[in-house]
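As structure tokens, the structure follows; a few thoughts come after it.
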Amino acid sequence: MTTGTVPTQERGPVTAGTRGIAAYRGYRPPVGMLSWALHRITGLGVLLFLLLHIVDIFLVGYGPETFNELLFLYRHPVFRIGEIILVAGLYYHAANGVRIILIDFWDKAYQFERQLFYGVIVVFLAGFIPTAFLMIRAMVR
Amino acid sequence: MQVTLRIQRFNPETDTKPHYQEYTVEVEPTDRVLDALNQVKWYQDGSLTYRRSCAHGICGSDAMRINGRNRLACKVLIKDLGPKITIEPLLGFKVIKDLVVDLEPFFAQYRTVMPYLINDEPPPTRERLQTPEERELIEDTSKCILCACCTSACPIFWTTEWLGPAAIVNGHRFLFDSRDRATEERLAVLNQRFGVWRCRTIFNCTEACPRGIQVTHAIEQVKRRILFEQS
Amino acid sequence: MYHRFDAVIVGAGGAGLMAAAQLAGKCNVAVITKLYPVRSHTGAAQGGIAAALANVEEDHWIWHMFDTVKGGDYLVDQDAAEVLAREAIDAIIELEHWGFPFNRLPDGRIDQRRFGGHTRNFGEAPVRRSCYAADRTGHMILQTLYQQSIKNQVVFFDEFMMLDLLLTDDGVCTGVVALDVETGEFHVFHAKAVLLATGGYGRVFKVTSNALSLTGDGVAIVFRRGLPLEDMEFYQFHPTGIYKLGILLSEACRGEGGILRNGLGERFMERYAPTLLDLAPRDVVSRSIYHEIREGRGVEGKDYVYLDLTHLPKEVIETKLADNTDFVRTYLGLDPVVDPIPIQPTAHYAMGGIPTDVDGRVTVDAQNTPVPGLYAAGECACVSVHGANRLGTNSLVDLVVFGRRAGKHMLQFVQENDLHPLPKEPDYRARAEVEWILENEGQEKVATIRAELQEAMMADASVFRTGDGLRRMQDKLVELRNRFTRITIDDRSRTFNTDLVEAIELGYLLDCAEAIVACALAREESRGAHYREDFPQRDDANWLKHTLVTRTSGGLELSYKPVIITRFQPKERTY
Amino acid sequence: MSAPRLRVGRERPAGGFELYSWYFFRISGLLLIFLAITHVVIMHVINTVDEIDWRFVADRWGSPFWRAFDWLMLFLALLHGLNGARLAVDDYVRSRGWRIFAHSILWSAAVIFLIIGSIAVLTFNPDAFQAAATAAGS
């Protein structure tokens, strides 16, 4: 019944997997869904780093000892790899952000949605490969 | 050729959880998936339950997940899928039985956008005029058959209650109709907290639409309309 | 469950929704439909809706009326045809005001195109009379009317299947019984007036453009309750169905300039209809195609010919025939821009059905005595505006014109009349039918019986008919009905039992088939869509009359009623 | 056949907040491309954590330009990022109670981190430490 005055009971359970994050597994992701998932993950990842970062620069205000002590943590290899991942995430997020903005404001962009995503990958790689090279070189040195 | 259908089954009278059941049927490569389902229902297991009517993609009854994507069973041919086909109900809706889901929430979303022409001016004795160019603006969105493929393909819909692409498409249909006079009210509905802004331009909707409607584009047009007309 | 309404409408296609629009807000009305309203088969209609708007070239409603009468091979009731042609214009304008997105002329008025059998000045040349929205006219009608229903807050009972019609002993309609498919519950709808708008029954044939759900429910239920059906022998085959699938390729393809070609590449319609050619009425074209096939001029000697659009501008194919193009690409893997399309006639439209007058009231005899409170409209009804053969685009007009008239008349009726008491145990018959099917233990499968029915009807009761073939078909029907008593279904549950639904529908199909065959066997002439090879001539002296078929305890009974002729005397029908 | 979840018809918008949020994503995003990428390149690529220490930061913030630069970046990235987290919360937190809780956390985080971030960037005074260090060392 669509527009109704006659009450009827709810029936049938909501079966597992039809709602909530579990549903993600139920759909074979098209390109657009991947690009969004990555955008969200990288966005949240960068946010996490940012929050940490704010804490640590706050410590700058407590003087050189406190701050420099903390730096050893940042120089730990695990953290340095994390840093590379951070940069990757930020680059991807930035490039894909531009794609989204293009789609939002350029009326024809929807026709090239796929191509734009591949463009994002290209831009991302073009930025990330040299960056990663420099960072890894600094790290192994 | 022989194909194996792996179908998600659920009978509320006996099951607590859905399970999968496999059927093997003999079909032509050019048959529709719906033909294969009919084969099963008619000659192997009459309890298999799904909706269907027109069998050529214009009524929107048989939207379901076929190999993980939302499709109309009558608009995909076996030859494009290969010998093993998984068929499941649409995501995000309550399953009533097997492949039949409760679409009432979907139609409720649709009704919120006031999907009808609003124009209280006294009509002329003949038709209201509309140029072919003005008509062209609603060509795409007026094709919608309310099959729910798009809305139930949208990841945001799986986790949140929001208007969903199909309702927006139908809002667009009237928003861009030169004869409509309710632009402001409609934009107000679409501008709600769970209106167009929930869309994250994921494009699953466009990819799923069996009518080839540029759903995301329509949503973007609505966003821009709100942006440039209301604020 | 028990419900009380002023008016109940069964069926949410074009006819049902148009009637609902007249009643909503003015009285207490409900629409019962076994499909979601927007799934109704009106949405499949493609080509257009005719009205003499004269937007593109000179046109008059009386020309439209003439074409309708001639197209129907003079079996049309001319008072009704006049109503149709006149009110079509208002109906189109009303639809436009409700938001229907018609294709437009550069100056903003509604565009019109050619369609089969529609002519200027009483048959001179094709005229542009069909209003359209690309090749989605029916879709737009259905959507527009559904939108209006939402606006008017119509109460819908979606996925409720009507199982029985409630009539008192003295023949007053008091409501319907329906099954809520989702729960398996029975619902009794007590009402002052009931409108049946349940659509056609193309599924009695094997190759059809009709939806799987078009099983003639309303027609069969009326028949079972002892009321007559009219002109059941007239069933239209549309010339251009996709080969084997039956999916319709609209007449608009030919309206836009498409040509039919046989295996030799000839434009064979030159032989059969020198003036209108490919745009001759459907019965003529369908028979011509079969003639070509029988003479061995089908493509590669097989049972199909080509619909050729390749000479049309790509733009027309892609935009004005967008959906048709999509069907061909999807289901045949061919591209209409470069490939000719294999086609074959497909069972399409029931001219016959529940007899009504021009206000939609169901009538029971040659004097047109109405059943109080019972109405019918749309494809399930027979007004009769289509006579022996319907013209393209005239069905959608029929829906809106007579759906509207029925709605208006019902409104008046419910305002002037009181609710009649229901019979005792109103739903016992419906319950018995459902229980019987759910519990029956047999070996016969519903699908097998249905397939045999469709196959046999296609062979013996379709475009070409003979006395022998029809008698064979009658025997077959006896056999099938017998086997039907021994069916068994796999699904015994109550929730959304489509196995049960299909079994019930098969019963309706058998009823419709029986009526078709009985009427066809009796009519010893050829007229419109009814073509008897053993009686190839039209015989106005004996057969210019409508058939009425009634089921009695002693079998089927045939009677006849005169055709109403007002303006146009029957003439030989050439195109 | 369940009750409609969204209210029908002519309802007022939620103050257009989502519109501004959406707009802010775009504008801040475009600015952040410049700000964040420059920042990352300078601080993590050209100079790496090996070179960076307290001294480095102190020198850099000697210039009002870099202070303004860093503060703007911090401000935008924080709001942009937390606003993004808000979207994720709206998507994944279904119960009303938890949703309100999560929103409170996010907004509190925004305020707290903005304050400590601003304190760090704007009030940092290397000379004070310089003086203190000199004093302690002598």
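Labels for the chains are A, B, C and D, by order of writing; each one numbers its residues from 1.
Following the convention adopted for this analysis, a residue touches a chain if its C-beta (ideal position, glycine included) is under 8 Å from a C-beta of that chain, and two chains touch if they have at least 3 such contacts.
Just so we're on the same page, UniProt names per chain: A = Succinate dehydrogenase cytochrome b556 subunit; B = Succinate dehydrogenase iron-sulfur subunit; C = Succinate dehydrogenase flavoprotein subunit; D = Succinate dehydrogenase hydrophobic membrane anchor subunit.
Keep in mind that what you see is a predicted model, and the values were worked out from it rather than measured.
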By C-alpha centres, the chain nearest the middle of everything shown is B
Going by the average position of its CA atoms, which chain sits the greatest distance from subunit A? C
Distance from the mean Cα position of subunit B to that of subunit A, given in whole angstrom: 29
Computed distance of Cα centres, subunit D from subunit B, in Å: 39
At what distance in angstrom does the C-alpha mean of subunit C lie from that of subunit A? 56
Listing for subunit C: what residues touch at least two other chains? 150, 182, 495
Residue list for subunit B, restricted to those that touch at least two other chains: 12, 96-97, 102, 104, 107, 111, 114, 159, 200, 223
Multi-chain contact sites of subunit A, meaning residues that touch two or more partners: 1-4, 11-12, 20-21, 40, 104
So, in the complex, the side of subunit A touching subunit D is made of residues 1, 4, 8, 10, 20-21, 40, 43-44, 46-47, 50-51, 54-55, 57-58, 60-61, 63-64, 67-68, 71, 74-75, 80, 83, 86-87, 90-91, 94, 97-98, 101, 104, 131, 134-135, 138-139, 141
Sort out for me which residues of subunit B touch subunit A in the complex. 10, 12, 16-18, 65, 67-70, 88-89, 91-97, 101-102, 104, 107, 111, 153, 155, 158-159, 200-204, 206-207, 214, 216-217, 220-221, 223-224
What part of subunit B is in contact with subunit D in the complex they form? 102, 104-105, 108-109, 111-112, 114, 156, 159-161, 163, 185, 188-189, 191-195, 197-198, 200, 223, 226-227, 230-231
Quick check: in the complex, which residue numbers of subunit B touch subunit C? 11-14, 30, 32, 41-43, 45-47, 49-61, 75, 77, 96-97, 100, 103, 107, 111, 114-117, 119, 123, 125-132, 134-135, 138-139, 142-146, 174, 177, 179-180, 212
Given the complex with subunit B, which residues does subunit D contribute to the contact? 1-14, 16-19, 21-23, 87, 90-92, 94
